[in-house]
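In what follows, chain A forms one complex with chain B and a second complex with chain C.
This part shows the complex of A and B:
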């Protein structure tokens, strides 16, 4: 009886493995033309075909009942998850994939990963138009209704159009000439599209970004002031730890304990040694513990979404 | 370009933890009663929405600075819970988005939440806004919204970077009640300093279980805790065997090598 049981178990495993390998072989052969680059007329044909296919798919999806739509989403989520799991967890090179022995990656999913990533970029590109439309609608309404601060919305449209136009020009016609009219009547001058884009990016966008980033320093001071008010034993503990860490990083703090020896047991009481110990041992242990929790939590959440086990909010009803 | 693949230990560890979580979920579905401890930050969501309604001021929810990933999806799940509460109390929920895909999902979720509460007409599509894909442009946009709309409550659930303090301090300036939750360990101190409630670490991933009390999700939490215990055990074994002179020193070296194949 026992021998028979083992024979069945081994048979299932070997049979299952062979079936899985055959399925993989069939799938990769079926899909391989999709992941092969095309050029010339075939490329334009592929683009046109993709657009038509995509439009048809979207139309069909919109016509489906809500319950069917959710099922489609569940199947798509499972398939996409399965693809990435197989790609990552199957070894890069293995004798299991003997039919791909001549390639660098024998894992049949690895060559597809960039194309699948590109597909995601294309899909998210469609939503970009939706987002730009929403933004334009909000600001357009502000201008039309002359709401308070509507001139900010005018500034948005000017900035949006200028960056879009010169961003495209610098990519496709960088030498295009732009005449800048001097309204003071001095003289007009001509610059290239690339120069205008560089000016907009380097001399306007980058400094504006840096300005906002620098505001952070002031906010840190006010937040620290609030955080360091001693309202409980924990807050007092945090303040002492922060005080040691701050002093341990600056020359003044190091000077305070410079008279202590550099070696021996007393050297541990030097401000920089206490700061390093607090950051490297106490704080690091806490951070790693939080990191473990986050890691396991993200695995659980991923599993729930992948296997359609998530409930609540947009996964409210079990299908 | 070289691609990363899991080695045997990675695959085994993820497989074991995944199996434990799935087993716990299936056990919980069998009707086993499970306890979940109180998480003050999540309990305060109802209070924050109620307070905003009493003050007659809107709510603001940010899902962080990244596109669609696990953290954003968890943030969006909480956003829909908040949207349902807002709809129930006839309040507005403003959701500024940094990513076009997140914007599209958020709009649909909030619309569905208002419809589910029987108030589809109360949904304002202008309140779900795509601001910018750039970090500080987005931060400036959210700060502007917080100040102009004088929001009464702000919710920051998702993955944040340096903009976390800019957003949370803007909320402080207008006196908003603030609740934040992020798996970004570098941003947790900023939220702790500037927000009324902060959800730390894996509490963030417990949010949907806590809010819905669904057995499936509660079971998943039990699985997570067992998984954490397993990792802690590995850390203890690793620490002991890593001690110099121990006969098992080779085990910790092997573990370290397997977990850091590129290191």
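This part shows the complex of A and C:
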């Protein structure tokens, strides 16, 4: 009974996936003359048409019964996974694909990788919209309810709108003039959209980002003072390794052992040599083991998601 | 008393660190740097790239790690300019990466008489991660289409003869995150294109397995790696100038760790009730919770 159930599940997945892959292949070939690059007014028309088409499709999907929706998600996940597996594991050139012998890559899925890649980029674009929408919703609620620290949400909207507007302007109308009003009453001055964007990016975004990251150094220094304790022999070894690595990376540490020869057995006792040995031999063994474990876990997890075996809040909730 | 000590010790450490780094930025000291084998290997791999192939500088970094990845990018760009190697700037993990690298290339180019389009090209930021990289390897102009300034690749002289991954002589991934594994899996694993890596200091240990396995030809470890490469290229850039400041910061950290342990052992000898001087774990435990709201653990218990 159990085997029969599994056979049905696998049959539905493989059959559905192969049918979907075949449909995708057929669509790619059929629609490739339609999806050629367009410019000018046709481009905006194509964008508007695509948005309307996708909105309609999304609306139709939302109207489907929950069970069907879930099945659509499962089939879509399986098809996407199957496509990349077939493309990756089937040989790039093989006599098996004799009907494509005149092409460099005979694998029939290889030409589709560009179309699927473009589709992936388009779907990634949707996630940007989703992120912007979600952020706006959270911060908009903060402002509306005047929650504690709501002024930070106002700062978010100012920064978000300024970067979005001038980012688009510098791409599509870089010479657009912006009048900056001088509130001190001296004089107004005009700058271009590109100059404003450069100012926002180079003089605000970059230093702010760098500042946030550099603050970590201060917390690391306090943590080193408060947390790095020799409580056991292992901790002592770790501390010695940390000292060697820290000293081996900087000129002062190198200077400490600069009197040792640059070649020969004694050169191995130079600080930079010991640091490289610690990183390249001792630490690497541990990291390789951890990395191997993570990758085996990733394969198992990917398989579970691909075959819809994963259980949890997202996978079992009602769509 | 304990609360005061914790409050002030933290601030004193911050002040010491700020002073230690700022001092050597103001006062210039010549740094002694020895070039490590991984940095030298990367340099040699760059030298070996034939003129008919392009070098790809995969700038997957952003402003947060500019202090380390910026000098690394500059050193690699200068090397390309000095030897007349054409290269492409490319990014697919952090959108600002190619723009920041472009700023570096444009600042440095006049020193070597190089110009955009002829000596280098910027492919900009592309979405799609691993899926895009797989398609990119098979058809570079098909995936990139146009450069960062919307010029079709066919009209850029630096792109002559660049069609697939077989026309790429070396890829150097300059990154603060694990983007190298994507190149190892889908580029080196399939096409055996040489890979190099320039990473932040904290990421360096994760790159060593790839180096040991021969999957990457060379490695630049953080600012020290950039300083080593500057020495190989033959100029004194930001990395070499900042090394004394980094030395002093590292020495301060070592001194703080030793001091923290001395205080810890002294407090332990006195008895368990008088553990002070940050004897607990930073970021956890009742002492940290107490220091946040100004209430000692004893008071909290009695309340």
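Note that the second predicted complex is superposed on the first by the 222 of 319 C-alpha atoms of A that agree within 3 Å, B and C clash if a C-alpha of one lies under 4 Å from a C-alpha of the other, contacts with A are read in each partner's own complex, and residues count from 1 in each chain.
In this section, contacts are C-beta pairs under 8 Å (C-beta built on N, C-alpha and C of every residue); 3 or more make two chains touch, one makes a residue touch a chain.
What you see is a predicted model, and the numbers here were worked out from it, not measured in a lab.
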item	value
Touching partner for A:227 - first (chain B), second (chain C), both, neither	both
Chain B versus chain C as contact partner of A:254, first or second or both or neither	second
Touched partner set for A:134, first chain B, second chain C, both or neither	first
Touched partner set for A:297, first chain B, second chain C, both or neither	first
First, second, both or neither for A:309, with chain B first and chain C second	first
Touching partner for A:124 - first (chain B), second (chain C), both, neither	both
Partner chain in contact with A:239 - chain B first, chain C second, else both or neither	second
Touched partner set for A:212, first chain B, second chain C, both or neither	both
Touching partner for A:201 - first (chain B), second (chain C), both, neither	second
Intersection of the chain A residues that touch chain B with those that touch chain C	87-88, 105, 110, 113, 124, 208-209, 212-213, 220, 222-224, 226-227, 287, 291
Residue numbers on chain C that touch chain A, as the complex places them	9-10, 13-14, 16-18, 31-34, 36-38, 62-67, 96, 99-100, 103, 126-128, 131-132, 134-135, 138-139, 142-143, 201, 204-206, 208-209, 211-212, 221-222, 224, 243-244, 246-254, 256-257, 259-261, 264, 278-283
Chain A residues touching chain C - in the complex, by the definition given at the top	84, 87-88, 105, 110, 113-114, 116-117, 120-121, 124-125, 201-202, 205-210, 212-214, 217-218, 220-230, 239, 242-243, 246-247, 249-255, 258, 262, 270, 272, 276, 279-280, 283-284, 287-288, 291
List of chain A residues in touch with chain B within their complex	87-92, 105, 107, 110, 113, 123-124, 127-128, 130-132, 134-135, 137-138, 141, 149, 208-209, 212-213, 215-216, 219-220, 222-224, 226-227, 287, 289-305, 307, 309-315
Footprint of chain A on chain B - complex, ascending	3-6, 10-11, 14, 17-18, 21-22, 25, 67, 70-71, 73-74, 76-81, 97, 99-101, 103-105, 107, 109, 112, 125-126, 128-131, 134-137, 139-140, 148, 162, 165-166, 168-169, 172, 183, 185, 188, 190, 192-194, 200-202, 204-206, 208, 211-212, 214, 216-217, 220-221, 223-224, 227-228, 231-232, 235
